[in-house]
Amino acid sequence: MQLHQSSWPEIDAYLQRSKGIIVPIGSTEQHGPNGLLGTDAICPEVIARRAGDASGILIGPTFNVGQAQHHLAFPGTISLRPSTMIAAIYDWTASLTRHGFERIYWFNGHGGNIATINAAFSEIYGDWSLKRAGANTQPVRCFLRNWWELGGVGDLCRQLFPVGEGSHATASEVSVTYAAYPDAVKQVEMTPKIAPNGPILDADDYRRRFPDGRIGSDPSQATAEKGEKIIAAASKALVGDFERFLAAN
Amino acid sequence: MQLHQSSWPEIDAYLQRSKGIIVPIGSTEQHGPNGLLGTDAICPEVIARRAGDASGILIGPTFNVGQAQHHLAFPGTISLRPSTMIAAIYDWTASLTRHGFERIYWFNGHGGNIATINAAFSEIYGDWSLKRAGANTQPVRCFLRNWWELGGVGDLCRQLFPVGEGSHATASEVSVTYAAYPDAVKQVEMTPKIAPNGPILDADDYRRRFPDGRIGSDPSQATAEKGEKIIAAASKALVGDFERFLAAN
Amino acid sequence: MQLHQSSWPEIDAYLQRSKGIIVPIGSTEQHGPNGLLGTDAICPEVIARRAGDASGILIGPTFNVGQAQHHLAFPGTISLRPSTMIAAIYDWTASLTRHGFERIYWFNGHGGNIATINAAFSEIYGDWSLKRAGANTQPVRCFLRNWWELGGVGDLCRQLFPVGEGSHATASEVSVTYAAYPDAVKQVEMTPKIAPNGPILDADDYRRRFPDGRIGSDPSQATAEKGEKIIAAASKALVGDFERFLAAN
Amino acid sequence: MQLHQSSWPEIDAYLQRSKGIIVPIGSTEQHGPNGLLGTDAICPEVIARRAGDASGILIGPTFNVGQAQHHLAFPGTISLRPSTMIAAIYDWTASLTRHGFERIYWFNGHGGNIATINAAFSEIYGDWSLKRAGANTQPVRCFLRNWWELGGVGDLCRQLFPVGEGSHATASEVSVTYAAYPDAVKQVEMTPKIAPNGPILDADDYRRRFPDGRIGSDPSQATAEKGEKIIAAASKALVGDFERFLAAN
Amino acid sequence: MQLHQSSWPEIDAYLQRSKGIIVPIGSTEQHGPNGLLGTDAICPEVIARRAGDASGILIGPTFNVGQAQHHLAFPGTISLRPSTMIAAIYDWTASLTRHGFERIYWFNGHGGNIATINAAFSEIYGDWSLKRAGANTQPVRCFLRNWWELGGVGDLCRQLFPVGEGSHATASEVSVTYAAYPDAVKQVEMTPKIAPNGPILDADDYRRRFPDGRIGSDPSQATAEKGEKIIAAASKALVGDFERFLAAN
Amino acid sequence: MQLHQSSWPEIDAYLQRSKGIIVPIGSTEQHGPNGLLGTDAICPEVIARRAGDASGILIGPTFNVGQAQHHLAFPGTISLRPSTMIAAIYDWTASLTRHGFERIYWFNGHGGNIATINAAFSEIYGDWSLKRAGANTQPVRCFLRNWWELGGVGDLCRQLFPVGEGSHATASEVSVTYAAYPDAVKQVEMTPKIAPNGPILDADDYRRRFPDGRIGSDPSQATAEKGEKIIAAASKALVGDFERFLAAN
């Protein structure tokens, strides 16, 4: 069940049976020579959509631009300042809480978002902790899950790509986007075969260290078929993980 | 050409031939008994995608949650505070300007966004006007166009729906989303046939005035076929309008 | 009745009979070779004062510096960033609401303010829509009216200045200020007679397009006598317009 | 010379001979049973206008709403949060600096503004101290003067009102406003004759301590004649004080 | 009693007998050739600690970085923007208020902090004045005291240093830090013997006027013995001053 | 070498030989029945001081209040909102960068700070990535290290406390503070012996789950002797870790 394709009476009915929602959250940033700029938003979006279709869980709209300052030396990257991103997550959460949602599962596709999302959670909880939230509202409960950390998904990725999975523009994430958008598959020769590793600082420094944008990966191995396997496994694991979140004490 | 489905080298190449981009911007908010919560984001997104496919113009990711405080009494609506939205548009623009984009065409699907988008433009221009923008950067030029104001589109909508087009949850916009997502078509009886009109204030007031969310419209007339006609006309008009923006002195 | 010339017990008594107030809002910005920098604040101020004197309606202090980034290449212009202006309108409104005012009529003299004022309204309403406003407070109702849009005023201006009214540093607004401050009348030759038209972007661009600051106008036609006619008509229309706002459902 | 009654070419010419400006800054807040809500803005405004007329010094528009949270339990008071006020003073200063003004003399009428104005100065200077101001801009120099501290003015006030001058809604400030607006003179019996003294905290506490709004004063002594004497003395002292500021090393 | 060395049950017990706390607040900024960068935090900290040990009054953690933009041209200085400092004081106060503290005594060691601390108080009180604070919370009462203004302390300092006490990097404050940290005593020849006086603007201007950082002082006279005398007198005076604050109506 | 006990000429000399600094950063929050409220600030402070004394590395002042919203239901806890904390870290870093520091090692004592510190780093780097930092400044490089993750420290803690180390109010951190402040050692019986585990949400929820504040720990085992061993090992490891950071490419 997709929120953006639902009417408000359908959401009203959903809230009678569940107070939980999954919100895909990603980034729009360079993903190397053959990866899509939308990779980090597309991955959680397609996995969540598949899970929602199979289970009836409500999937929110995708938060598609995140914290990507380090990729700004590559054209096409769009980034929010962390302070802006905290304000936006705060507003999304306040809106959903207003309707009665009590558990929000942020399903993340970008490592660079993790710190800011967690900071946003503290900003949100702080309203209740300081007794400043509206008197009648129930404290909301937020949860962050990166798609590659769902049960079994990491093992599958390592099995599919024993060499050159890497940590940015990974073979797995590029595969997932190829499964989602077969027309966008790009064949690019890469040199070196496997990209270097290193720390992440500002954008100019990043481009000096990682001239084509990849970190530690060889995404020329990516295929739509392998991506499909990952989507199938991840979407199934997502349903279970979300249910445990709803049931958690 | 879709930014989120492109690689950074493809954007690099695009910038050699054009400094302009179209960014769809909408809202996630109730659209009456049979309208989709994503309507205002879906409309500019599908029209822009069609235009981008036909022309090679670069289409950015969709800014999909906007200023919708007045719809918050209907479940599913998600809203940014105007101050948050200004910060986010500022960051998107700063990112694009960093890459060398000089003309950004914000293609809007939500009347409630107009004031905040224009305020954001002034916040952005103000950096140059106060000489605070980076010394080497070229002033960016922003432009706002609502899809229903493209040449010929208003006439077409009135011709398709001579009665009950309305101003929120319009027959036209619901049609466009039905063309985009045929599986999401919803059949709902509406009472009254045509919704009332009135001022827009806060959310509780809105729901009192417009109990099912519509303003002045009868969207039970919406069909995917009519939506397809609107998309075809609007996407064609969009290409011309964008080209005039690029050429404008 | 002028708030700044009243004592608090007088406002206390006023609140027994009315919950409404008119607040003039303008800008301090260049108005061409013979126009006053205060034009956009002076116009709503003098029209409102006249209306207040005639009717007993309470007139608030003038919000005299607004959003004028595009005029900053002309000395004397003072501008707020939109984000600052939203915060200030928010604070003025919170103060008035605290006292029991329920309807605030913002009487505007500057086109460049419109977007930011409307964004501020949404910021204000959002507190109630998200249930974050104080539990005991009544939602406030804000309204924006530009003085030149009051009933009959546009017609009068066009009749007084059939040629060269223009859109910035208009013959009408300069006339109003001359009526208000006869000692400040300035005789200046203008070339060209009627200023050019064009888009409004940042300050340097503005000065390149409109070298003496005017847009589309010939304010050398302005006279205090014509200004007086406009003030008389507008102040009368304002009383009626405000009363309709108070009575509106 | 009044900025709001000048044209931009007149300011341009002024900048050829001086880089300094006086900006009246006050508050809109209750001033006891017979004092005007605008008192703290009116006093610096009329004194500065008189000084500007006599000397040719440029007088900016009046910053007429300031930090007055403690008066909010009395109707008519309007207050900015200190954080908003800092942003607004920052913007006014950035605008004036953009034009080449190098010395800004903030002429204050409200004790409750002093802390926030000084904090704003540090916010402004900090841009240069951290090397974040525009590379080509000259550091601006701000100065704060309360009108009652101008040379000789305090002595005159004590001589005119040896008993019951007080510290809020003072006999002197009410007199100045009566000189400025003779039609607004109000005759009110006050009990007790001289108001109590005490600390200033939040608004409800303030009203409990000072039920009619005065602190330590008997403003029933105020007359327009005495106000005129104060204006004459203060405006003369202001010219000298401003010239010393301009000449200061 | 030191908060940072206490457990929460100990604070819980303290709150049964008192709702007051002393919070030392200072700055980290240059203090001339022989003064410590931490001087303005160390002075209130050691005086308060001595007072807390003697009396059982609760002493909070030290707010050790404040508003010091004017010292930024000297290495080691760390400064908050006033807007950041207001937010931080607001958060410290909200936290303490949440626990039931009703009187917070900010014990200050830096003149440059005074304006911003007072602005922060208004920001805090404003929540109650606008009825935005939590419905159940008691308004907090804040108080600012500079250590050098405690009863008898100024006289003692003048007696110990009849010449060259000065106003920045004073002989007294350096003495206090030497008493606190005898190992940090520094012997430095100073030229001129007594530093010049002048206004405080931005950092580069400050360094031009005061090349070694001092204003009006000869801190080469400082000794740990004299510092000890000041600490003894000030800590005793602090206990009485705090008790008067607690008892104040 | 302690910054707060140094003079500015000493920092000036230090900058001739090193561009790096260690800044302890912690929190003021409840640490169970026998732990100090200052634990998370004290631990990095004492370890860093020891390392600075041994090596000559410059140690900055301690950032002693952090992100601790979840502990606010226990008296004595003081917390910054994440947005405030980001602004403060931004200001500290801007100040240090102004002096020429190029590598800042944030030495952290509180798990709840990690997300916000990393978000602050992105906020800081973003200025350079968007080309908004001052033209002449070198990009700064920030690094975050939690003291318990220094090489060998985790092993030592597990060896000292094989059972009941836990994750909040750990036996190790309480031991470190006892070594630092032997007078503050507290003997408290705890029930249960080892505290429960669970998720961290808002403050009221936290107190329900963890009634005495501990998570998974038995800090009644803590002793100053064991704390001294940890300080010795950690301070030695810190010197090496910092040197690697300075040398890192």
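Each chain carries a letter (A, B, C, D, E and F) given by its place in the written order, and its residues are counted from 1.
Heads up, the rule we're going with is that a residue touches a chain if its C-beta (ideal position, glycine included) is under 8 Å from a C-beta of that chain, and two chains touch if they have at least 3 such contacts.
Predicted model, so just to flag it, every value in this text is computed and none were measured.
Undergrad: What's the minimum number of touch steps needed to get from chain D to chain E?
TA: Step count on the best path from chain D to chain E: 1.
Undergrad: Using the contact definition stated above, find the chains touching both chain A and chain D.
TA: Looking at chain D and chain A together, the chains touching each of them are B, C, E, F.
Undergrad: What chain is the most remote from chain B, judged by the mean position of CA atoms in each chain?
TA: Of all the other chains, the one whose centre lies farthest from chain B is E.
Undergrad: Cα centroid separation between chain C and chain E, in whole Å?
TA: Distance between chain centres: 46 Å.
Undergrad: Using mean CA coordinates as chain centres, what's the chain C-chain F distance in Å?
TA: Each chain reduced to its C-alpha mean, chain C and chain F end up 53 Å apart.
Undergrad: Any idea how many Å lie between the Cα centroids of chain A and chain B?
TA: 24
Undergrad: Quick one: which residues in chain B touch 2 or more of the other chains?
TA: 72, 79, 81, 83, 87, 95, 98, 129-130, 135
Undergrad: What kind of graph do the touching chains make: line, ring, star, complete, other?
TA: other
Undergrad: If you go through all the chains, which pairs of them touch?
TA: All chain pairs meeting the touch criterion are A-B, A-C, A-E, A-F, B-C, B-D, B-F, C-D, C-E, D-E, D-F, E-F.
Undergrad: Quick one: in the complex, what on chain E touches chain C?
TA: Within the complex, chain E contacts chain C at residues 129-132, 135.
Undergrad: Write out the stretch or stretches of chain A touching chain F in their complex.
TA: Listed in rising order, the residues of chain A that touch chain F are 67, 69-70, 72-73, 79, 81-83, 86-87, 112, 114-120, 122-123, 125-126, 128-130, 139, 141, 198-199, 201-205, 248-249.
Undergrad: Where on chain C does chain D make contact in their complex?
TA: That would be residues 2-12, 15, 28, 30-38, 41-42, 60-65, 72, 74-81, 83-84, 87-88, 90-92, 95-96, 98-100, 181, 183-184, 186, 188, 213 of chain C.
Undergrad: For chain E, which residues count as touching chain A in their complex?
TA: Touching chain A: residues 94-95, 98, 134-137 of chain E.
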